[in-house]
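In what comes next, chain A is part of two complexes: it sits with chain B in the first one and with chain C in the second one.
Showing the complex of A and B:
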């Protein structure tokens, strides 16, 4: 009885974290323009943004990854599937983050816009300096919850051959008669990673929110 | 001899409606330099809407608004430049204070100065501290608004508006969200401001303030100004039946 497979599984941790943080990072940035377009005064822009968001969120991640890697893979030669997977996760995350931002915007008191406008601040200044920072702080808990979900969903990338935690788990499990050990170890590993991420997000959120007693 | 008084605020034939509901119907208003105009009347009369039209927080459906030489005519398309210039001349204080909760008290006052007037950080901070001292809150500079009482927040909001050196200050029921004692600190600051010659338009339910501090009293009801004149005169002998009814309701309680 040995636990030597644990070290094999742990090899996947950097890739799992890369998928999660790169995907979430792209989503945090990409969600901003999408949320802004979603609020556009021009209705075709608003409708288009909404369609894009619904499309990205409506299709399961595994289907998206199969479309991108196996579907488009017929036309595009991928040297390494990691990049397209990260971009795909980033795009899907943008849609989720855009909706989180929209919820944050709805929570901002109309008086904040009015005060900023009455002071003569431009629309851009109002968004970037008054309302934006407040939305960011409101959005932290929901974004963290999404990020933890993404950590677990990143295991789907194994199906297209990305060498993350689940890839290595499966790799060792196939060579053994008792596969239960590696899979349970992977499960525990995801729990540990989730707890660490939740703890990190909470302390970040606490630092930022202490300033805004709402 | 004092120079000919000139109107700092000149509102002409202002009209505002929401759907079929007419909130303001052909309202005219002139406020002279250094004058304190108080606007009273029952709720739903259109007082706040009129005030919010002066700095175009609400877009009027008809009429023209001139503030210190800058005119916005709703008949023509409003240029963003005129809008910005007009807003720069008007300071506004809200019922709900509307301080920015993510910024310190000092930053609430310096940020607009830097972004709107292009002042340097040093200039803006000097001006902010001067005004905070004037409203008695210099020690609150590094705090966040949530750490301040309602009365303090409103005084900070007044300082924030004054920091942009407006030609006229609009007050939209500045004490309505405050309990009477805290409202008093705000009224004291406003009284000092009036004594220093600031042009002010004050929508208020504080009858004492309207009577003692204002130079000109406007009574609004049902989307129009039904009566205006010297406050003493209107309080003593209101000409309009609706005014009598309103004053009875607010004074005899």
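Showing the complex of A and C:
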């Protein structure tokens, strides 16, 4: 038994990390407007935002990717499926992060809103300068947990042909009589990547929290 | 490049055509989810209890299994069981590979949920049980597990919804579940968009109300707190 397949599988790592970080990055940014709309004082806006969030979270990722790649693919020519997959993962992540931000908002003491109003700050100013930074701080652990989940979920992208870890694993496993080896290796690789990301997130979270905390 | 109009009316027609073909797929998805829960929940409870065992070896083994189960994507687990295991001499049908694979993932995740529930049982009750000369097993059986599981119910319901969603991954191991049925309907009619959207809505029609139910259970069970 040789382990030469390991190098084949490893060449998928950059793509797996790209999908994860691009998807998470889009989600961190896209979650903000979605969370704001979810809190809107106008009820149709609020309801619509809630519906969008629920649909994005309620339909499995693989189904969303199929809708984007095979469903919309009938109308749009994709030169490379990576971009639409990243956008799809980003959209789904936006919904999850919007809910994380909402949880963070609920943790902010009502007195802070009252104090901001008493100081004559607008709603926007209150959000951007008082509440927002604190929500960001509170949301870091949950966002990191979501990011690690996304790292594992990014493996789904192989079903639409993105050349990440699972793609190469399947590619190499198909030609071998000991297919179990590549799959175990891929599993271990994801575990190692998750542990590394969790460790990175923890130290980054520590730095950010120190920077915001007074 | 011309973009054909996506007329809502033809969408509804396609949905009416495809729906009868998708229903058996939905049933397979539900069955796999139930199998995964039946396999995974008892294993999860076992791992949660093993995590609090007095013997260090048992504890470490439980932690190791849980970390492997949570660190490995469910997709890898399914592929490993369906494509990998046969080369080691164990052949599983796609249905059992999916049920077992999702079941093992369920065990790893729910063990952490259940452990949280067990830990939420006040230490004083365990001390009281010891004072009443209850054995460790009886303390677990009559005091800790019934109350701990109750605390864990909302989170377990939430996880069951996730596993139902994850059952769509069994498409990759040739299980004729909802997504596979939708995809095959699409590939024979070349109308992928309407049928995939319909499949998505069929998932949502189950997951969204189930999510609301979970929220309600959470509120009900935390009422006394």
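Definition applied: the second predicted complex is superposed on the first by the 209 of 214 C-alpha atoms of A that agree within 3 Å, B and C clash if a C-alpha of one lies under 4 Å from a C-alpha of the other, contacts with A are read in each partner's own complex, and residues count from 1 in each chain.
Here, contacts are C-beta pairs under 8 Å (C-beta built on N, C-alpha and C of every residue); 3 or more make two chains touch, one makes a residue touch a chain.
Quantities reported herein were computed from a predicted structural model and do not represent experimental measurements.
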item: Contacts of A:112 with chain B and chain C, given as first, second, both or neither; value: first
item: Touched partner set for A:121, first chain B, second chain C, both or neither; value: first
item: Touched partner set for A:177, first chain B, second chain C, both or neither; value: second
item: Greater residue coverage of chain A in the superposed arrangement, chain B or chain C; value: C
item: Touching partner for A:133 - first (chain B), second (chain C), both, neither; value: first
item: Residues of chain A contacting chain B in one complex and chain C in the other; value: none
item: Chain A contact footprint on chain C (complex, rising order); value: 1, 3-4, 6, 67-68, 71-77, 79-80, 83-88, 165-166, 168-169, 171-172, 179, 182-183, 186, 190, 192-193, 196-197, 199-201, 203-204, 207-208, 211
item: For the chain A and chain C complex, residues of the former touching the latter; value: 54-55, 57-64, 66-67, 70-75, 77, 152-153, 155-156, 159, 166, 169-170, 173, 176-184, 186-187, 190-191, 194-195
item: Residues of chain A defined as touching chain B within the complex; value: 109, 111-112, 114-122, 125, 129-130, 133-134, 137, 211-214
item: Parts of chain B lying in touch with chain A, wherever the complex brings them together; value: 55, 57, 84, 87-88, 90-92, 94, 96-102, 111-112, 115-116, 144, 146-147, 157, 160-161, 164
